[in-house]
Amino acid sequence: MRDATGRDKMNIANVKRPYRGREEEVFEPEPGDGARASDKVTAGQIFRLENIGLSFGGVQALRDVSFDIRKGEIRAIIGPNGAGKTSMLNVINGFYHPQRGIVEFKGKRRNSMGPYFAAKEGIARTFQNVALFKGMTTLDNIMTGRALKARQGLLSQAIFYGPARREEIMHREAVERIIEFLEIEHIRKATVEKLPYGLQKRVELGRALAMEPELLLLDEPMAGMNLEEKQDMCRFILTINRSFGTTIALIEHDIGVVLDLSDRIVVLDHGQKIADGSPQEVQRDEKVLEAYLGTVH
Amino acid sequence: MKIMIGKIATAIALTMVATMPASAQNGQFVPVLSFRTGPYGGTGAPWANGVIDYYNLVNVRDGGINGVKLLIEECETGFATDKGVECYERLKGKGPTGAAFVNPISTGITYALTEKAPTDKIPIITMGYGRGDSKNGAVFTWNFPLLGTYWTAADIMIQHIAKELGGEANLTGKKISLLYHDSPFGKEPIPALEALSQRYGFTFTPIPVTHPGVEQKSQWLTIRQTRPDYVLLWGWGVMTGTAIKEAAAVGYPRQKMLGVWWSGAEQDVAPAGDDSKGYKALALQHGAGKAGVHHDIEKYVYAKDMGLAKPEDVGQVLYNRGVVNAMLGVEAIRKAQERFGQKPLTGEQVRWGLENLKLSQSRLKELGFDGVLRPIDVSCSDHEGAREARVQQWDGKNWTMISDWYSANQEITEPLVKANSEKYAADKKASPRDCSKVSSD
Amino acid sequence: MLYRETGQFKSSYAEDIAIFPLYQDRVAIKLLLLAAFLLIPFLAKFQIWPLSTDYLLRAILIPFLVLSLAAIGVNVLVGYCGQVSLGSGAFMAIGAYCAYKFGTGIHLPAFWSEAGISIPPISPLLAILLGGAMSAVAGILFGIPSLRIKGLYLAVATLAAQFFFDWVFLRVKWFTNYTPSGSVNAPALSLFGYELSTSVDRYCLCLASVTLGAFCVKNLVRGNIGRQWMAIRDMDIAAELMGIRPYYAKLSAFAVSSFVIGISGALWGFAHLGSWEPLAFSIDRSLQLLFMVIIGGMGSIAGSFLGAGFILILPILLETVPSQFGLPVSTEVIAHLQSITFGGLICLLLIKEPRGFARLIALFRQKIRLWPFPH
Amino acid sequence: MIFIGQLVEVLLGGLLAGVLYSLVAFGFVLIYKASRVFNFAQGAMVLLAGLALVRASNFLSSSGAPLWLATLLGLMFAGAIMVACAWLIERLVLRQLINQDGLTLFMATIGVTFIMEGASQLVFGSDVYPLRFYPTDSWFLFEGAFPGGVLVNKLDVWGGLIAGLLVALLAVFFSRTKAGRALRAVADDHAAAQSIGIPIGWIWFVVWSAAGLIALVAATVWGTKLGVQYSITFLALKALPVLIIGGFTSIPGAIIGGLIVGAGEKLAEVFLGPQIGGGIEYWFAYVVALFVLLVRPQGLFGERHIARI
């Protein structure tokens, strides 16, 4: 799938002319593009959690949670604060190791996997409170996403001229396409710590995309954004999913956004799964209503 | 990047200050490398005071050496090798003819400068320290360990112990430990002492003390357990005083401790107070106390308020060592002037003066060193010039000589000198001079 | 007016990732290198002021170059990878002593044969490189704790390396070829049959090594591995989740850093001191190097040079200046005043610009870019 | 039998010597607790305190004051110096560097070290000044049991007592006094502490003064041991392994660390040293510390912080 040249039909980083449409157009898939609304339902699981139990000392973060993510869908994880949503993401990309249960990714079953391994296998994520590399520029931040695809050894990098330079330029081109797609050209050379929050979130998304992931985890991608920032972010997420077929699992508090975006929703409360299904089903579920939506009305 | 240029420029501009010739005035430039600060400042300062006071005396009393004034500049080395090298580089070119000679007053710096001396043609005077093998002038053309190296010292110490024990025979089976400063200075005597232990059949154990020597508890607990008959002390600065205190704490008799001549000054026994009573140390010929020269120094230097030391400190052990050190340098220049004329001389010319330095008892008397020094006779094959020392003891107030003169037994030191100096020559691919052919006229 | 980016368009990524994207900078660096490689040796050869004496070469420029190289090495570890180390002096020592051993020939007693293993003396240049390599190996070993220990705890832990190697080179006579004093003399510095005896030769050797070292390190830090180091420095957890292996990033930083430091240590011994004992690489040296990096600017190659220059030259100035103006001050007083002024300047600089000279320069460039119009 | 005697002797001596390191370590801990500053200047502070004390009391006694009075006034003078010093440091350095990262502050304290070393020696001189504060002779215990008995140095015992006293005082200070509680708050979170109206500057001043006074106490002990002189500053380096073993933030940790380091290095030096050439205690302490850190990266008693994202 991902060879030295990092060619990968299914990814922005390699689509020569990135899709720049407005929201309504997004729903019409491009020719030759794998992901369609119809075959999503039938598409197989890419990721599965089975009776996951996670606790810190005495505190039970997750109790016997099971759910799956299907290839090409947008999967939302919602729930009140402290429901264990972020813990869930941390389990998925191997930052936390559950005491009980099984993690299955692309058919491989294991009790847990290390973060490096998860990343290598194609899981990328963004973070609830931005975790960018503060001292580095937007460009460098996104370039770090290419770390896994670097093939040149220390010596050749030290000499630089020759293969190392060629590789560097190749990755740079890929990254530039992402920068263009996310419309952050103007802050390319800016140090990220000085950027406004909304832009930082975007850069972080870019960094995750640079990894050309198969499964993209977004932890509250729209937290603290104003309306049009949110609209932009929605647009990006949909494009990434619809046009490039990247599977997405996201945590979001803005219920409106979640209902619009996601194909299926899992609802957590106090570390337990209380509902799982299409937006409509979840909306109708009493447990959810009282535990969660109830508070909204 | 352009800032870099700027920086280089400023760097140069700023250091010009240092590269400018010391002064246009005519005279013989004598650099003084010294350390008045850092862990060894307490013992470094009196030495430097002695040196400079004597130079000033020569300038004030005799108007220089045969009218050639001494141009003095001091540089703080802090007893650190790299700093010492920087000082040397800064001072070596000063004055109309460059430095006459250099006193590194640190074994580490001596080693570093020994590499540079042949190219710079500046002799190195290491009076009572430096490389043990540099006695061999055939190989070490530029080094002058006047009045004795540490190998000389080691031999004399053993001689004294033998005397106290009532004869060399009684050394056999005795236990002698060496408590040494873990540095080139402290390690230098070890080969000599090993040779001696084989010759006389006493067991010799070296015990290192890590720089600067503030922590010696474990060493002294070891000594307390092994109960050596004598402890030789190769300490410098804080180490000596601490050693004496720890000795008192573990109840080791001070009378059985014998320090090298760098561990036998007022500054060494002061911190321990009464505990140091009875502690013995070698005296590098001179001891404490005043002689003719001191009266001149007081009359010409301190009367004019040019003295560097506290007046009451004039005549202390290390002060006197500085004075002697300076005097030998001055006399070497005087000797060289006999041959090269009464003008500022180059280091190379002064080197000849040093190699042909001969001071008779009468000459020493004239110089006011009567009873301070014994005759010295330097030659190509013998850059030490003298190998004599006495033992002094601290009675709680003063250092008093308790022994007669010893002179080192060449049988022991000479093979070492030969072996090591030849090895050095081999490593450097240098061919030793043939001393029989070196002219001394 | 002179320092303008406008009108310099980059038509390819290759141009954009060049070390000196700006035309003016390229000219400046060329001039600088020209001066360093041609002008200074020329002046020295013909004894033209300020190089009429070789004081400037021997006591300022050579140490400056060598310590700059060391500072670059420390900067890789501390500045780019964020692993504070107080053990740099030890790695200089390893470089120096191993180079010495390779340069003077190695004999390892072996249990299976009387003869043991013997390696004849090899060319000093090669020996210096091998010294660096040895230092890199030691660097990796002592870097392993960094996978678990962080921040100041790590800083103090690195002192273990410092004191351990101080001791090794004091005590293990094998390293010093059994010299009675434990002080070693570097072998004659000859390469390809030509003896580098004069200070100009040695200066050129150091200059070449520093230029090469700076170039290679710059390439590393602007490339993939450099980004990995900085990622670890800025947020190690996130970096790991991005697929950066902490142990690879950290240990490679330790290896590169100690390699460069080791080379500089070997140069310090061979080209500068000529003869040395472990005290030449004591804890003071480590602190001095850390200073250079922090004063110069963490994560900046140019900063390493500036820091080295500042820390090396300032004390010398502070003590030469008064004597030049014939102030009747004893060296003791000068030494104390010097230490006070030095400490004061350090504090002042940290207060005014915690990011060091490199940052000041960046600001200055911003200014002259806009000059004469402030906007 | 002799061996056991020696073992006990070395062990005791080591433990006590370790406590003397703890005396210096307390200053570090106190300051780190309150300001997250790793204070490299602690050694220089001991030197300054010692010089001020010995010079002042010598001056007074030489000008005819009775010894006890001279000593007392000397102590007060030195204490005043240390407090003034703390005030200056807080004003001129710390306050300027508030919420800079740890490394910058660490470097700043090295700068302060240079200033202190220079200034103190410039003002009070750089000779060796003997100090007689505690008895330096020894007891020989169990002379019946072991030939020669087991040596215990009175000075070390005094040091131990004083260290114990200090720990008690500091414990009271932290738990009982207002300043102490405020200090704990500051340690946890500067911004929060400020927001609830704790004057951080004042707290830091208090802490640095306290560290200064601890330095004075350490100076009386070490000055008696070594004589007051520049080399005392090297103690800072002996105290560091004590710190990382105990953890930067724990006073009892400093004591335990001291005991481990002292006993460990002395035993190693006496029994292991001779086999491998001696002089190993310097690095041995650090290697022990290193291994402790590998097991507990925050030291034995340091505060643990959990990585979250």
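Think of it as A, B, C and D in the order they're written, each chain with its own count starting at 1.
FYI, contacts are C-beta pairs under 8 Å (C-beta built on N, C-alpha and C of every residue); 3 or more make two chains touch, one makes a residue touch a chain.
Everything numeric here is computed off the predicted structure, so don't read it as measured data.
> How short can a path of touching chains from chain A to chain B be, counted in steps?
2
> Suppose chain B were not there; which sets of chains would still be joined by touching?
Without chain B, and with every other chain where it sits, the touching chains still make one piece.
> Out of every possible chain pairing, which has the most C-beta contacts?
Ranked by contacting C-beta pairs, first place goes to B-C.
> In angstrom, rounded to a whole number, how far apart do the mean CA points of chain A and chain C lie?
42
> Just how far, in Å, is the C-alpha centre of chain D from the one of chain B?
Here chain B and chain D have centroids separated by 37 Å.
> Which integer distance in Å separates the CA centroid of chain C from that of chain D?
33
> If you look at chain C, which of its residues touch at least two other chains?
167, 170-171, 237-238, 241, 332, 335-336, 339
> For chain D, write out the residues touching at least two other chains, lowest number first.
121, 126, 277-279, 282, 309
> Counting only residues that touch at least two other chains, what does the list for chain B look like?
36-37, 41, 45, 182, 208, 210
> In the complex of these two chains, what residues of chain C are touching chain D?
Counting only chain C, the residues touching chain D are 78, 84, 145, 148-153, 155-157, 159-160, 162-164, 166-167, 170-172, 237-238, 241, 283, 287, 290-291, 294, 332-333, 335-340, 342-347, 350-351, 354.
> Given the complex with chain D, which residues does chain B contribute to the contact?
Of all residues in chain B, those touching chain D are 36-39, 41-42, 45, 182, 206-210, 212-215, 217-219, 221-222, 224-225, 237-238, 241-242, 245, 248-251, 267, 270-273, 275.
> Hey, which residues of chain D end up touching chain C in the complex?
Answer in residue numbers: 38, 92-93, 96-97, 100-104, 106-108, 110-119, 121-122, 126, 237, 240-241, 243-244, 248, 276-280, 282-283, 286-287, 289-290, 293-294, 297-299, 302, 307, 309.
> Inside the complex, what are the residues of chain A that reach chain C?
By the definition above, chain A touches chain C via 93, 95, 115-116, 118-120, 124-125, 127, 131-136, 140, 143-148, 150, 152, 154, 157-160, 164-165, 167-169, 171-173, 176, 207, 211.
> Would you pull the chain C residues touching chain B in the complex into a rising list?
Against chain B, chain C makes touches at 20, 24-25, 28-29, 31-32, 35-36, 49-50, 52-56, 58-60, 63-64, 104, 167, 170-171, 180-183, 185-188, 197, 272-277, 279-280, 284, 302, 305-306, 309, 313, 316-317, 319-321, 323-324, 330-332, 334-336, 339, 361, 364.
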